[in-house]
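Multiple structures are listed underneath, in structure tokens.
Same chain, two partners: subunit A is paired with subunit B first, then with subunit C.
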Partner chain A sequence: MRVSLEKRDTPLISGWSVVAMSVLAVLIGMVLGGVLFLPFEASPWEGYQSLIGNAFFSKRGFGYTLVTATPLMMVGFGTIVAWRCGFIFLGFEGCLLIGAMGGTMVGLGALEGGILSTSAPALVVTLALIWGATLGALWAGLVGELKTRFGGNEVLIALMMNFLAIYLVQYLVAGPWRVVGDMPQTERLPKDLWLPYILSGTRLHAGFLIALASGVAIWVVMAKSRVGFEMIASGLNPRSARYGGILVGIRQRQAALIAGGLAGLAGAITIYGVHHRLLDGLSDGTGFVGIVTALLGRMTVPGTAIASVLYGGLSVGGDAMQRQTGLPSSIVLIVQASIVLLLLATEVLRTHRIVLSGRRKV
Partner chain B sequence: MDIPELAFLTTWIAASVRLTGPLLLASIGELISERAGVLNVGIEGTVLLGALAAYLGAIWSGSPWIGALAAAGMGMLVNVFLAWMYVVVKASQVVVGIIFNVLAMGIASYAFRTIMGDIPRIQTAPMMPEISVPGLKDLPLIGPALFGQSVMFYITILIALGTGWLMYRTRLGLNLRAVGEYPKAAAAAGINVVRMRIIAVLACGLGGGLAGAYFVLVQIGLFRDTIVQGRGFIALGIVILARWNPYLAILAAFGFASMDALALSLQLFDLPIPTQALVALPYLLTVLAVSGVFGRSRNPAALMTPYHADR
Partner chain C sequence: MTDIAPLLRMQKITKRFGASVLANDCIDFDLHAGEVVALLGENGAGKSTLMNILYGLYEPTEGTIEFDGIETTFRDPAQAIEHGIGMIHQEFMLVEPFTVAENLLMGTTTLPEGAGNLNAARRLIREISADYGLQVDPDARIEDLAVGQRQRVEILKLLFRHAKLLILDEPTAVLTPQETDALFEVLNRLRSNGHAIVIVTHKMHEVMAISDRVAVMRSGQMVATVKTSESTEAELVRLMVGRDLDMSVDRTEPKQRKRALELVQVQVEAREGAKATPPATLTLRHGEVLGIAGVDGNGQTELIETIFGLKDAVSGSITLEGRDITALSTAERRAAGIGYVPPDRRGVGALVTLSIEDNVILGASKDFTQFGLLNRSLARVAADDVISRFGVKTPDADFASGNLSGGNLQKLVLGREVSRDPKVLLIEQPTRGLDVGAIELVWGEIIEQRNQGAAVLMASTELEEILALSDRIAVMFEGEIMGVIPRDKATTALLGAMMAGRRLEEVAL
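Then we have the complex of A and B:
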């Protein structure tokens, strides 16, 4: 039997086909994950129950899900701006680190003897978040400059700059900012500088609200403003955008600044909301997973927010499942990745149909 | 030169050469793929799964050669999937690569735990034999570096040189480069663009898989799911720094490796240079190389652009 692809006369673009394919991908991914439980003599049902129960149906767990989703969301929103503008930015990991570094820098200045030691905590935190966002924006903005002014390749530049950020943070926590002790990390920031917890009994911090607000802002910019329209036009077809009078280079540079700023802010928020200090090993792939959530959310703000919560929940649930039942959390990685890959693979069914034996058409 | 200084340099160069091997193998694979127009960010995952296959193959068979073969097979196998996504489905290369790395991480740590049990018995894989040329090995500076390496190192250098020859001296190489520069013209000249790109991605799998084998069978002897830790990504940097040239890739890989080796040995001393600055230096050079500030970047023109025969 021969299996081949044949081009459809008209591509499937109805909303139903999108929903059907997404549901199909999630189901296949979950079934695949279920099979992976079997060697551990655990029923997939129990495995998923523990996973989903911990992530979404326990207060503490759900709080942690939202904490995990916070930076994913912000990187996802950054992805929407940059990628829709035709700026394929992969440097969020670096921006998160640089933002975390910037935020910590301000916080350390508020310690005893620092120049901000007499300032009000709220002012210090605000300054820290702004400075983190600024540094993140500049980090990404540099990539934007190199691409639009010098014709550099933004994908490769950003990927390599991620490593520079990793080593910079490593240097700071192992060298000048290191606190006395075994671990390469800075001093813990005083409690009055922490972002407040907003749901009792959980670790959910106010940074989540900032993420939601940034989502609204990005939605307004992209869907309602002239700048957003010009950005999207630049991404769809830079040549016709230029012909239509849009300054593509400037829009792409602005997109880079916004995207990097969001990721930098997310990095600073992670410091003030979760870790309360800068430490080695902060780079854990959030900057890449955030891109994936934006794709899962089909490059829309609400979609990205939902995808981030689901993705974050799966990760949180996977860890809880491993603690509770001893089932490996790596199953979750496989399920997450399979779903995304299946979604990408089924995309081909929108423009092509599968032909079996040259006769039957599916 | 003082004897201690000479000894230091000799050790440093030898250590650099030892670290060069896997980086070079992965970069040669990546280079072939990029020359055909496919950016394979998923190389990190390929290297990791290659390492797993090498470890299991070597332990089960008792022979490092079977291990290397298993790694090569595994690399090609997973890259069949990548090639399908990149070339047939024509999904975004960057996205597929990123998510494939997540998948590979999951598969590697899941498979390792399932096969080895909860508390894996620490079992060292049989290692690749070392070649030692009597007399020459004792030369100062370059002796241990060039005449006392694992047999896999010499194979790696041959692979790099062979790739250079294929790339610049054969019709196959010319066709490969044409497909990466201007696929439409290549197709008009009768080259099967799709097939060429699939071959290139498979070659990348071969290089990536063998790089994984190198980590296990030459350097560490064990498998952990953190064994690669970003060194697949270094291959992307090496390819840039080498300007997509297999011969220069040997030097670029050595450059990255030598900074790593220097950082490792400087940790023993208390020097004012932060080791991170040394390790970061090659990345900085890479950023500059691809920034476009020093002349237009010369990456293959069709890099990252899926080929549509009908567009």
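Then we have the complex of A and C:
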């Protein structure tokens, strides 16, 4: 039997075909991953049941899923702004950590003896989130400045700055900000500074609402505003954009600030909503997975939000599965990666169809 | 000639794309050895589709192809070449750092006899080259060759592979008049040596000059096949377009003749590595078309981009109605009343992945903005206005602009710029690649703008266009303005001499 690809006369562009192919990719990815259960003499069916049940069908688990999805979403929204403006930014990990650091800095100032020790907790938290977002924005803005002013390579610069941020946080928690004890981490912030939990019986914190609000804001900017139009034009074709009177360099710098600001805010939220202290390994790839969720969401705000929740769910479910059944959660990571690859592969099916020995199939 | 069986017989060829597009509708096409047939038609008439079917790039939906008496369909171009059918595209497929001989040997699986090594190939190339008057040196590097010579290398490549049938797609689009004459000489030799040639074109005078027969296509159908000697240009145009064309230009006395744009000693930013050109001084008045003639790449684009603010002026001043605009950005110059239709419609003039509506916003996004948000209903009205006023053929304003044909895209770009009532309209290569119907419309609009009092600066490499539309003509050579003359004093010979680098003072005396 011969299998070949044949070009479609008209590419599939409808929303339903996208949904159908995405579901197909997820299913194939799970089937492929299912094979990995077999050496443990475990049933893939039960494994997935435990995974999905924990992630989406228990209140506590779903709360965790949304908590995990929160920074992913915000990084994803930042990706939409930067990438659609033609600024291929990969420095979200760094921005997130710098934002977390900035947020912690303000929080530590509110401890006894600090300059903010007499301020109201709400004011401290607000300041912390703003300061985190500002530092994140400046961190990314530096990359934008180097790219647009001097023609620097934004991919390389951002990746290097990620390392800078990772080791800066490591240095702080191991040295100047270290609390007495075994762990390299700062002192825990007092409870009145924590973001409030918004769903009883879960760990879902108010930061999730901030993420949703930022999604709405980004959607308005990109889909409805003049700034967004000019950013998208700059990303699609800088020559046309300049011809249309758009200041491409300025739009890209603005995009860098917005993207970095969102990641920085996500970092500060993670501190005030989840860890309540700065610690090493706090981001652990969130700044990269967030980019993936934006790609999976096809650079749209709702798509990115959904992809973030699914991705967050897989991680949470995978951990729960490991705890309950002893199966390694690396299976889930493999499934996640396979799904991403398969989703990208389905792009081909939009423009081509598979032909099996003369008989036509999708 | 008709008594002998034809070399090629395409019968009842039909090609559909999807359900709605019928690119070729039951087409018959014959070709004999030793004749040149011109395949004539407007853009989108189905010429390219038909030739791509012959060349194995497309599979016909229906119909048969008989070549050399045998029924065939080619799976891909490699197979077509093997059978002796070769095609030369508008963009040449040559590796620039390689020599002619290396280019010819490359990718050849079935080498002609005695061409197994480079030395033998060289000898063979010299032989073929001499036989057909191609004058190609097998050891020359492609990057050192002029466009006309590269085209001859492409022809040589086909002859080297024993092509009996040669298809040339718009072969003269990139050639100077002299190079075109040389090409026609080569084609004549090929014809007398028994090759069959198809030239795909929409240039009427070339059809008359070189072809034996003309096959005319319109909207996917073959409307007529006539002997060139028994036809006239006017009749062919009528067959091609389906109606009589009115290319006459209606000039009225413009409403005002005040100075619109003044360039004083403007030094254009030199390209990297290029030497600086002398500064330009030029005055453009309301109600006139100032044509800039010149061979492509002689600084026309750089000068116009400097006026539009896409490039900085190194020194000198640009004034618009007395106001110094030298320091303004492109957006500010647009707002001040300058419009620009660039030569590269797809790469610069439009955002091809976005809708027509979005493209109407481009360049004036501020005008469609309220409280920071785009007013889409306002934009829709403006887009619909451009579509209806300029007859852009599209289902609606949501249609992706990149899917418009070249003519319709140009109507969109020109329409957008004109709909903002510019004081100064800059326009480059207004009709490059357009068919006659679209040319008629674009010319009409340029003159309409002039009559309404706009100042039009138009750069074109087509002398015919310059002479038809301009009130005054400037000639550029190597970045320098050779002189400005009124149209009624301009002759082709005079302009030609200036285009070759002689100053008006030298020529006119």
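Keep this in mind: the second predicted complex is superposed on the first by the 333 of 362 C-alpha atoms of A that agree within 3 Å, B and C clash if a C-alpha of one lies under 4 Å from a C-alpha of the other, contacts with A are read in each partner's own complex, and residues count from 1 in each chain.
Just so it is clear, a contact is a pair of C-beta atoms (placed from the backbone, for glycine too) under 8 Å apart; a residue touches a chain by one contact, two chains touch by 3 or more.
Predicted, not measured: the structure shown is a model, and the values here were computed from it.
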item: First, second, both or neither for A:340, with subunit B first and subunit C second; value: first
item: Touched partner set for A:247, first subunit B, second subunit C, both or neither; value: second
item: Partner chain in contact with A:233 - subunit B first, subunit C second, else both or neither; value: second
item: Touched partner set for A:224, first subunit B, second subunit C, both or neither; value: second
item: Partner chain in contact with A:179 - subunit B first, subunit C second, else both or neither; value: neither
item: Chain touching more of subunit A, residue-wise (subunit B, subunit C); value: B
item: Partner chain in contact with A:209 - subunit B first, subunit C second, else both or neither; value: neither
item: Contact residues common to both interfaces of subunit A (with subunit B and with subunit C); value: none
item: For the subunit A and subunit C complex, residues of the former touching the latter; value: 9-10, 220, 224-227, 229-230, 232-233, 236-237, 239-247
item: Touching residues on subunit B, where the partner in the complex is subunit A; value: 39, 41, 85, 88-92, 94-96, 98-103, 105-107, 109-110, 113-114, 118, 225, 230, 233, 236-237, 240, 274, 276-277, 279-280, 283-284, 286-287, 290-293, 296-297, 299, 303-304, 310
item: Subunit B partner contacts - residues on subunit A that touch it in the complex; value: 5, 7, 36, 39-40, 88, 90, 146-147, 150-153, 155-157, 159-161, 163-164, 167-168, 170-171, 174-175, 285, 288-289, 291-292, 295, 326, 328, 330-334, 336-338, 340-341, 344-345, 347-348
item: Touching residues on subunit C, where the partner in the complex is subunit A; value: 17-18, 308, 310, 329-335, 340, 342, 347-354, 358, 361-363, 365-366, 368-369, 372-374
